[in-house]
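In structure tokens below, several structures.
Shared chain: subunit A. Partners: subunit B in the first complex, subunit C in the second.
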Partner chain A sequence: MKSAYPKQIKPYLLIAPALLLAVLFSYRPFILTLINSLHTVSLAGKRLSFIGLENYTRLFVNPSFLASLSNTLRFTLFFVPTNVVICLAAALLSNRPGRLATLNQIFFFLPMAVGLSSSMMIIKMMFNPSIGIINQLLGFDIQWFNNRHAAMTLLVIAGVGLDIGLDFLLLSAALRNVPSDLLEVAKIEGASGVQTFRYLQAPLIGSTLLFVVVTNIKDAMLISSPVMILTEGGPFRSTQTLVYQMYLEGFKSGNYAIGSAIATVVFLLTFTVLLLLLRLERRRVYYQ
Partner chain B sequence: MRRLIPIAATLFSLAVVFPIFYTISASFFPYTDFTAIPARLLPSVPTLDNYARAFRESNLLVFLSNSLYSALAGTVLRMTISILGAYAFTFFTFRGKNLLFVLIVATMLLPPDALILENYTTIRSLRLTDTYLGIISTTLLAPTHLFMLRQYFKTVSQEYREAAIIEGCSDSRFLTTLLIPISKAVIITLAIHSFSTIFNDYLWPLLVTNREMMRTVQVGLTMLGFSENLDYGPQFAAITVLMTPILITFIALHNPIQDSVSTRFTGR
Partner chain C sequence: MKRTVLLLALCLMAVANLFALGQRETQSSDVVTITWWHPNSGIAGKATDTLIERFNATIGKDEGIVVTGVYQGKANDVLTKTKAIMQSATTTDLPDLVQLDGAAVLDVRDDKSLITIEHLANEDGYDLSQIIEAARLSVTYRERMIAMPFNSSTILLYYNKSAFDEVGISEPPKTLDDLTQAAVKLKQTDARGKVTRYGFANVPTTYELMCWLGQQNGLSFITDEENGHTGIPTRVLFDDNGTMVNFLNKWKTLYATGALENLTSDLNGAFASGRVAMIVASTSNLTTIEQMVGSRFALGVAPFPMVDERATGGVNVGGGALWALDNKSGHEKETWQFIKFLASAESQLYWHIETGYFPIHRDTYTLEAFVQHLSENPRAGVAIEQLLSSNPRLQGIWVPSAYQIYYAFQSGILKMLEEGRSAEETSRALAREIDGYLADFLRMQQ
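Our next item is the complex of A and B:
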């Protein structure tokens, strides 16, 4: 019996820091966000009175929020397919032997080495309409920051720049794991490149591809920092996203309760996507 | 058709890497090169002026050291917390073990960016704004790390530890002389990942730092004051300073990086 007690207390002590952090920085703020979204909240962040779902009913007639919601969904819709096609093309094109291919691969994942704010500043300067290299080089006269469509395009370009490195690595690793004897057979049988991809590679990298798609959707729905650095939601709120508006409401306008309601909407959206991801993950483990 | 693949791949990869190339090149541009017609890709007369100004006219070095310090401290704390937790969840049986494990890992479902309002209030009431602890606070728990370490520790036989404990080996000695050394590879991989995550964080450090001297480099880089005045040279120089060590590491380690991704995500 003498050793039973320390044996009981020790594991709890070992997990205490992790548990404390989980409660302090995840569960507690999560629950408080939900609660605040049902109240009026003072500028100092103090809950005043319970108002039920009023924040939400106000939110869904608020043009600024509706713009954020539609911008976030539109961004997701543009960004995910663009990014997946580009990363998959990069992985397929560089999936061959030889030194040149290795160089291609290094170039494709190198953007991963550039941090978020560095890449955003690079894009901001390169796409400057008057002295940026992009307009000068291509002979464009696009007002990247003052035109709705151009600004959204710019955000998609920024998103691809941020994600291409890792997504390329994931897809190219999956492609390299396709057994080479199968590819050899396909070649001997005279299969075209398209056929090889359609019937051989695509099914075998399917789970990685799904993983990339789902994480891209999740990241797209949460996008805020690139907006903050590049466009600040402009022009005319055309690139204002949900998390960016949440930040504005909470930190700039003092609308704490509205900010909390937006956060709750974001939770709902990402929960859906993440649960989907967990299901896919489980299926992937099953395959092995 | 197949002959065209290397050409297409090379052109495509050059387009992807172009911004990096241009940033490095433009960091050596004299001021007038930015407005030259036709546009320049290489400096007319390479100059180090931009570097001198980036360091002299901004607090780049302070920002950089803030970032290095918080990323280093954050990584050490984060790995310690993950290792201790994973150790308890692997080698001990205790009441509520599975529930507590799920509770910790399920924090993955709560995106940190959507929690910033409340977390900021917490940090402010703890008086931790403008402190290193405040900057790293929300990154200290890494549920994925804890999960992966437990998966790895599970491959170590339970009998190993039992034998060691019977022989009078303490838990801390078992951890430091046996478990951590044999898990070195996975611990290093996770530590590198932690370091780059904390180092590259933008939104949270922006919120919890108000004093310029406490800013991390990711935040400071966007507020150097050069690019607002279309004074791009020093801004490109600052970015080049920041990214060059990482670029070199990535190029030198391209093989292990590619391998680690293939084993981590496909389990082969």
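Our next item is the complex of A and C:
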């Protein structure tokens, strides 16, 4: 009995630090945000009066918020397929033995080792319309930061640059875990590369692929830091995303109530999309 | 059991950074240290350090005051850090003096730890009319001067003089109509019809609109409460008084010529490369633009163009100011000594020559060295003449949600140009959106 007591308490003790941090820095702010979004909040962060859903109704008639909503959805729509295709292609192409393949793998993985801010600053310089290397080298005359479509494209490029390292690593590892005897059998049977991928590799890396897609969607819905550094939401609000607007309202304008309402909307939106996706894919993905 | 204790110790170590471990600095009691947070780097940073050294070696030495300047990043970062301390319980960490730009006014002006310049000057019997009126009013809220203007600037028209000579324009444009005519002449296209040089590039920012709307009919206010200087604004006036529609109609005409490029970023670069023949920019960009243009073409500066002949209000003072804060150290008087030093005619002369920010002390303008400096640098003189002939009551708007309003203006005007909306419709839509932000802010008041 005497020795059983510490044994029972040990697991709780072990998760306590993590739980404490999670409660302190995730759950508590989350609940406070929910509560704030139903109140008017002063500049000093004090809740003034309960107003129900008024913050939300004000939000959904605000042209700025509607622009953010449409920008975020458009970004997700452009970014997720682009990123998944590029990462998957990179993983497939470098999935072969040999030293050069290893070199390729390092190249694809390396972007992960560069800090977000510095890589965004570099991209900003590279895409500068008058002195940037991209326009000079390719002979373009694209106003990357002044044209609405170009700015969105730039954001997608930046997003891929940010995510390629990790996604490549995950997909590469998954591809390597496809049993080599199965691949050999396919080869002997005369399966083409496309067939091998379609019927053998794709189903076997399905769970990883799903994970990559899910995290990509999450990243896309929550994108803000590249926006902050590269475009500041401009030109003409064309790259103002939901989380960036939340930052503007909450931190620049001190409008905590509206900021909280936006945060709640982003959460519900991302949560719904991911829930739907997981539900749809539950039966389709083969877990080894 | 041993392992559990060990684990607990490890966990505590892992979360050690959650607990404050600082300790209070001890100082000798005879010397008072004043901390100044500022965003000045590069040329302005060096000038800042020199001013501090000068103070410490003269007045500071006599009265036992040592000023330490702390570079806290860009203006925005300084505000973020100051705001964070103001909202926390321990305001003792605040600096004695902080330099913030116009966007900070709303965050700081009602804070408990703010010591107004009006109060400091009254205690000392200092005559505030030594500070030139336009600069003084730029930091006046409810008839009290709440800060000391320091890095003050206005806005100018920068033009490519070589291009002007090439197409035979002898004088820079005075009004938007003149500007439209000049822009048409300056526009160049290549054989395939692609524009190789635009006459003018701009998408009006809040600051430019402040001037273009405010200068109309001698003086027009953009929001009620005199642009927010006498209280919290509740609604915009530009739609009712027609100033926005008047401006937008001129702007539409300009855009219809095809000589206007809707450029929002890298304007200096586009201008210096010769792709754009005219831009408007802050006087604080003068040195940068001079360096970028180099000997590529002759650079000209002229007063900011007026909307029409009756828009005689001129331009307002922008830039930043010094705010005195109460950090419970009781060094109010010493801080004031230093503010007085920075605002003095001599310090302002040095600051102007080094950085190009215009002097805020009226006596600087009669100093011999200043007159000589102006005769050697006629471009600096244009900005000063323009400011001195402007209506001092034309002042910047103090409104919440500055970022949102900035983008509202830009995207609203772009929509008008690209989707062919009428000026009236655009003005109404802008008024509605900005009124919404003002209402949001009113709801945040206790």
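The criterion applied here is as follows: the second predicted complex is superposed on the first by the 252 of 288 C-alpha atoms of A that agree within 3 Å, B and C clash if a C-alpha of one lies under 4 Å from a C-alpha of the other, contacts with A are read in each partner's own complex, and residues count from 1 in each chain.
Here, contacts are C-beta pairs under 8 Å (C-beta built on N, C-alpha and C of every residue); 3 or more make two chains touch, one makes a residue touch a chain.
Since this is a predicted model, take the numbers as computed values, not measurements.
When the two structures are aligned on the shared chain, A:255 is found in touch with subunit C, with no touch to subunit B. In the superposition on chain A, A:152 makes contact with neither subunit B nor subunit C. In the superposition on chain A, contact is made by A:10 with both subunit B and subunit C.
Once chain A of one complex is fitted onto chain A of the other, the partner contacts of A:227 are absent, as it touches neither subunit B nor subunit C. After overlaying the two complexes on the shared chain, residue contacts for A:64 are found with subunit C alone; subunit B is out of touch. Once the two complexes are laid over each other on the shared chain, residue contacts for A:88 go to neither subunit B nor subunit C. In the superposition on chain A, A:40 makes contact with subunit C only, not with subunit B.
Greater residue coverage of subunit A by touch, when subunit B is weighed against subunit C, goes to B. In the superposed model, A:240 makes contact with subunit C only, not with subunit B.
By the touch criterion stated above, A:214 is placed in contact with neither subunit B nor subunit C. Note: residues 10, 14, 17, 21, 45, 128, 130-131, 251 of subunit A belong to the subunit B contact set and to the subunit C contact set alike, using the contact criterion stated above. Residue ranges on subunit A touching subunit B, taken from their complex, read 7-8, 10-12, 14-15, 17-19, 21-22, 24-30, 32-33, 36, 45, 89-90, 93-94, 96, 98, 100-126, 128, 130-131, 133, 136-137, 161, 164, 169-170, 172-174, 176-177, 193, 208, 211, 218, 222, 224-225, 228-229, 243, 246-247, 250-251, 256, 259-260, 263, 266-267, 270-271, 274-275, 288.
Subunit A meets subunit C in the complex at residues 6, 9-10, 13-14, 16-17, 20-21, 40-46, 48, 58, 62-64, 67, 128-131, 143, 145-146, 233-237, 240, 248-249, 251-255, 257-258. Remark: subunit B residues 1-2, 5-6, 8-10, 12-14, 16-17, 19-20, 22-23, 26, 34-35, 37-39, 41, 81-82, 84-85, 87-89, 92, 94, 97, 100, 103-104, 107-122, 137-138, 140-141, 143, 146, 171, 199-200, 202-203, 206-207, 218-219, 221-222, 227, 230, 232, 235-236, 239, 242-243, 246-247, 249-251, 254, 257-258, 261-262, 265-268 touch subunit A in the complex.
Residues 1, 4, 7-8, 11, 14-15, 80, 87, 106-107, 110, 203, 262-266, 269-270, 273, 275, 400-404, 407-408, 410-411, 414, 429, 433, 436-437, 440-441, 443-446 of subunit C are the ones touching subunit A in the complex.
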